[in-house]
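So that we are looking at the same thing, I have put the structure below in structure tokens.
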Amino acid sequence: MLHRRIYQFLIIYAIGLGLLLALKYGLNLSDYVIPSPDEIVRTCRTYGGPYLLAVLNTLAVAVLGHILSICLATVVAVIGRLTAWIGSFIRTAAYNIQAYPIVAVAPIIFILLGDGLQSRLLIAAMICYFPLLLSFIGVFSEPIREIEHFYESTGRMTWRLQVKIRAFENIQKLTTVIVGSATMAMVGTIVAEFIAATAGIGYSIRIALYQSDLAKILVALFLIGVGTSLYLVSLEWAGNALQKRLKSL
Amino acid sequence: AQKEKLEEVNYRLKWLYNVSAVGDLYAETRGYFTRNGLKVNVKPGGPERDALKELELGHAHFGVASADQVLRAAAKGAPIVVLAQLFQVNPLHWIYRPDQTVFSGGEELKGKRIGVTFGGNDEAILRALLARYGIAESQVTLFSVRYDYTPFYEGRVDFWPLYLNAQAVIIAEKLEKAGETYAFLSPDRLGVRFVANSVVTTREMVEKRPETVKRFLTALLEGWRDALDPRNQDQAIQVLLDADRETPEAVVRKQLPVTRELMLPAARIEFGKIDAVAWKQTEAILRSQNLIPGSVDVESLLFTFK
Amino acid sequence: MPIEGRHISYRYPNAAGEVFADLNFRMDGPGFHALFGPSGVGKTTLAKMLSGTIRGFEGTIADDGVRRVLYTYNLERLPGWSNVRAHFEEIAPLAGRRRMEELIETFGMEANVGSRFHRLSLGQQNRANLIRYLLQDFDLLIMDESLANVDEFTREKIILKVKILFPDRCFLYISHNVAEVAKFCSQVLVLRSRSRSPQLVAVQGCDHRESAESDPGLLERAMLEIVHAA
Amino acid sequence: MLHRRIYQFLIIYAIGLGLLLALKYGLNLSDYVIPSPDEIVRTCRTYGGPYLLAVLNTLAVAVLGHILSICLATVVAVIGRLTAWIGSFIRTAAYNIQAYPIVAVAPIIFILLGDGLQSRLLIAAMICYFPLLLSFIGVFSEPIREIEHFYESTGRMTWRLQVKIRAFENIQKLTTVIVGSATMAMVGTIVAEFIAATAGIGYSIRIALYQSDLAKILVALFLIGVGTSLYLVSLEWAGNALQKRLKSL
Amino acid sequence: MPIEGRHISYRYPNAAGEVFADLNFRMDGPGFHALFGPSGVGKTTLAKMLSGTIRGFEGTIADDGVRRVLYTYNLERLPGWSNVRAHFEEIAPLAGRRRMEELIETFGMEANVGSRFHRLSLGQQNRANLIRYLLQDFDLLIMDESLANVDEFTREKIILKVKILFPDRCFLYISHNVAEVAKFCSQVLVLRSRSRSPQLVAVQGCDHRESAESDPGLLERAMLEIVHAA
């Protein structure tokens, strides 16, 4: 499993790199437009270590942000599932806030929160939570009549029970989305670092861009890919274990 | 016991740790502030950071901001004052390839394709240049600049804006490696003197804590002077490398002299000198381009200890 | 507590024909009653009207004194996160624990309440579902083919036990088994196709109980009457 | 309906603005940090018109990008639904590409595609398609046994039929996600404009950020909110109409 | 084409007890056969073994010459995007159109095939589902309570017609109705609880056909035998 994900990633990365290099030699572009393999290897030697540490740093924040956004999405979806005014209001709020590009909202966030880990985490979570929210709202607002009928008609239905029933019946969809959104958490963190932090791989990318150093960016992307794959694999493993446990019940 | 007496202040830079902050870092790490009874947290800036806002919100006590930021804020009533001016010559230049782009004077901008960051201060500078040489916007092609240089690399744009002491060194090296020639267009030499980074604080600070301000400024300027002193070059480079692990030493070695050149263009100039004339020109440029709502009283903005 | 429907007409939205046209019925007081009729005639529809799921029909249903109507059908499921017994315990009043055990036994579910619902056979699922309804507070329980997938022997046992345990409640049992309906039910409401008038005919069932001997003659007559009516 | 969404948005916007102004007057901040109502009104008068046009421009690209990303997500999910190697490969590819922050990938996109509408569209679609993909994969990979059994056992199942069955049964979830992802399309377009274009509201926001002109940003956010709400309302209306039609069948 | 199972043992993964322990059975050739037994005894399990859904059990099932086994159960649904007739037309071979119409008529579904599946009553759903299977090519069709929610009158009509239309096919009919099974089926495989040995007993049913008179004595005997066996 681990094995597969990683070598699939390697194949993808190799394809991408191959394409770039083909372009380079095909169009005879100079080394400053697309770096030579030689330079990429050199950059990797020099920056591989520090970049790996940066990716780990980023990954740690991403995991936190991911958890935060799962909580956020659950809360919003549980309220947004309601057909009442408040539900539609919360949905409107969630959708509208999401419609704002983070770069436009970031200055306001910094004014309000200052520049600690908080802002970084909030930005990461905001980027990651919306895809979760969409699926969660979809899942939580669709009744499962054959199960819910009893609780409805005996007056036993509570919002918690309803959420539990719908979550349980849709556990596969939910795990798919949660696992998949891990990559969004990663992206969110990188973007947050890109605009705000002084650490993490997003910060390194920012500098590499500033230095117009595509070789560094390629190394960073490689390490991000590996890091993300590892995180995905662990989540997938956990998701499978959970589902297997539930099925074996 | 010594430490407890230190007064703690925050100092927000304009950009990430790089060569333009060498003196700030030098003063911090080599004890200049401590010797003056201060504990200064030198915090890196960034694209979404605005030292002026942090000053007002009380997150920072001192900061670095560009002159256009300062004037814009002052025009909107921000209670700030300028303590020192880091660059005597604005580091913002345009790179071009002399073998492809013939350029010897401002008039020759006509008909060229020029990269510009719309909304950035390079736009203001470029427009001032065009105005100065009587070139209408329709006579040049302005190219919206992003952070990657591909359009310039591919020769689709003649002039590309960059900072002479920072990116220019890196880009130049790449071009050199490819065996290409390059040169820089300096607005300053073409008569547009647009002030760059300055050290700022709030009016409240200079009025209520003049001693702190004085000690900060003294230490800072001293640190800068020593950092730029060729005799301290190796120490200065080491300080930078410690703070910014992303830039190779070879690059920093080239960046430092360029920075010195921009900050101390002539031997008799004192580091940090506030060039009131340049400030007034900057204000005039911003006003003529409607970038500030009204005029700003530059004199009262520029602060000097009597 | 008689339950009486008068002049009921109904057509499903977007449906071509009416299900009911001027339907009248009356069901008297507590007891084990049946709703019988060919497939597609409108039994489920009527049940949903009684339980309030379908509204907006013409006519009236008067059910004074029937505080609580529960409707259960054979496709219901229990949630999957715990076993059947745990679900029962969650929804049974503490005082009803003895009754719960009694029902589990009568329903032949002792060996299966430790399983999750989705691991049960169809008939076991039917029974598990019905048990939880019987543990609730109700005046009228409508069982829409609730035991359709249970074998006859178990079904009989269940019906007899239910009649003993809940003598003062009203049940409406929907089933396709003539013999069963005729034998165990008190009133059998036979629903017939729209073309026939009246659309509903009430037949007296044998209302057989465990204690009593059953009279084969009576049963046969009731069965014939029902078949004839339908 | 229209009415509701819009006034809910207005309430949200008013709350946000009120908060900012409270902060301004509470902390006695200058117009530079947070603009005065007066300045906001003035900015609105001056820039309201051009910004509105910019938002419409952006909206047009967003709609295109949205359609593109729905197609993209469908294709990827239909392949990714397979349990075979190719399915997992496509999933890995989709996830990994998503893990890269657009800012890091953008230079490569520009090198490959140039900086016309294509790049803008691609970036917009890339940002928007992933949330769609997650839900689509969730929906398309979960069998619906009671319906599929017949086709499976009579050897009639084709991938198109399978996709059709699963899509039809999950139509509510899918419309929720498609409607909701409209805001992502909007964001994606704005981000693309932010980093690449010379038109659209994203470009305007970038300039306003350079000029640290929060008043302009607030006006832009207002118009984006209105534009997004309108788009959402039309999609929701279409989604409801579709579902009503399907239900009435 | 006899179908024969030998020494079959099976336990569901994670289940406490075995469903089958050394089960043997044999079903001979074409005809309308039944699988009967109390709820939870393993009918569905055995059916799934025959159709290949459950594998990995001990023992063997030999079904030489049975090319194609179809398994249908009463919870199946048709997709919702077109009406029932359109679905039928999609899956019926062109040559089978007349048969399709015949089945629709016999099943009493003329008035309903214009509806979407989810608008049908339960019994109508049962019938719609069964019709599509009958339009397929099969050697053995297992009907797991496929008509459980259909009324007896319609059910009889359906069974009789099926026997006429498909004389050379093999059917395995799972039902809880003793009388029906005894009357219409040829061989009745009675499945009994694990504790009894053998676990499966075969009883001869009356295999009643439309043309023939039915002998009440024979039927009663068959019923008794089945009840006794179960």
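Going by the order they are written in, the chains are A, B, C, D and E; count residues from 1 in each one.
Here is the rule we go by: a residue touches a chain if its C-beta (ideal position, glycine included) is under 8 Å from a C-beta of that chain, and two chains touch if they have at least 3 such contacts.
Fair warning: this is a prediction, and the values are worked out from it, not measured in the lab.
A.B. asks: Applying the touch definition from the top, give me the chains sitting in contact with each of chain C and chain D.
C.D. replies: Chains that touch both chain C and chain D, as defined above, are A, E.
A.B. asks: Quick one: name the chains whose C-beta contact count is the highest of any pair.
C.D. replies: Counting C-beta pairs in contact for each chain pair, the top pair is A-D.
A.B. asks: What is the chain whose Cα centre is as far as it gets from that of chain C?
C.D. replies: Most distant chain from chain C: B.
A.B. asks: With centres defined as the mean C-alpha position, give me the chain A-chain C separation in Å.
C.D. replies: The separation of the two C-alpha centroids amounts to 51 Å.
A.B. asks: So what's the Cα centroid distance for chain A and chain D, whole Å?
C.D. replies: 16
A.B. asks: Mind checking the centre-to-centre distance between chain B and chain C? Centres are C-alpha means, answer in whole Å.
C.D. replies: Once rounded, the distance between the two centres reads 85 Å.
A.B. asks: Scan chain C for residues touching two or more other chains and write them down.
C.D. replies: 75
A.B. asks: Going by the contact rule already set, what residues in chain A reach two or more other chains?
C.D. replies: Residues 33, 103, 107, 111, 209 of chain A each touch two or more of the other chains.
A.B. asks: By residue number and range, which residues of chain B touch two or more other chains?
C.D. replies: Correct list: 48, 50, 53, 57, 147-148, 150.
A.B. asks: Would you tell me which residues of chain A are touching chain C in their complex?
C.D. replies: 146-147, 149-150, 153-154, 156, 164-165, 168-169, 246, 249
A.B. asks: Contact residues on chain A for chain D in the complex?
C.D. replies: Per the touch definition, chain A meets chain D at residues 4-5, 8-9, 11-13, 19-20, 23, 33-34, 88-89, 92-93, 95-101, 103-105, 107-108, 111-112, 130-131, 133-135, 137-139, 141-142, 172-174, 176-177, 180-181, 183-184, 186-187, 190-191, 194, 202, 205, 209, 214, 217, 220-221, 224-225, 228-229, 232.
A.B. asks: Can you check the complex and tell me which residues of chain B touch chain A?
C.D. replies: 16-17, 43-44, 46-50, 53, 57, 59, 147-150, 153-154, 166-167, 170-171, 174-175, 177-178, 245-248
A.B. asks: Give the list of chain E residues in touch with chain C in this complex.
C.D. replies: Within the complex, chain E touches chain C at residues 12, 15-17, 37-40, 43-44, 74-75, 108, 111-112, 114-115, 119-124, 126-127, 145, 148-155, 176-179, 227, 230.
A.B. asks: Give the list of chain E residues in touch with chain D in this complex.
C.D. replies: These residues of chain E touch chain D: 51, 70-73, 75-83, 91, 116, 129, 132-133, 136.
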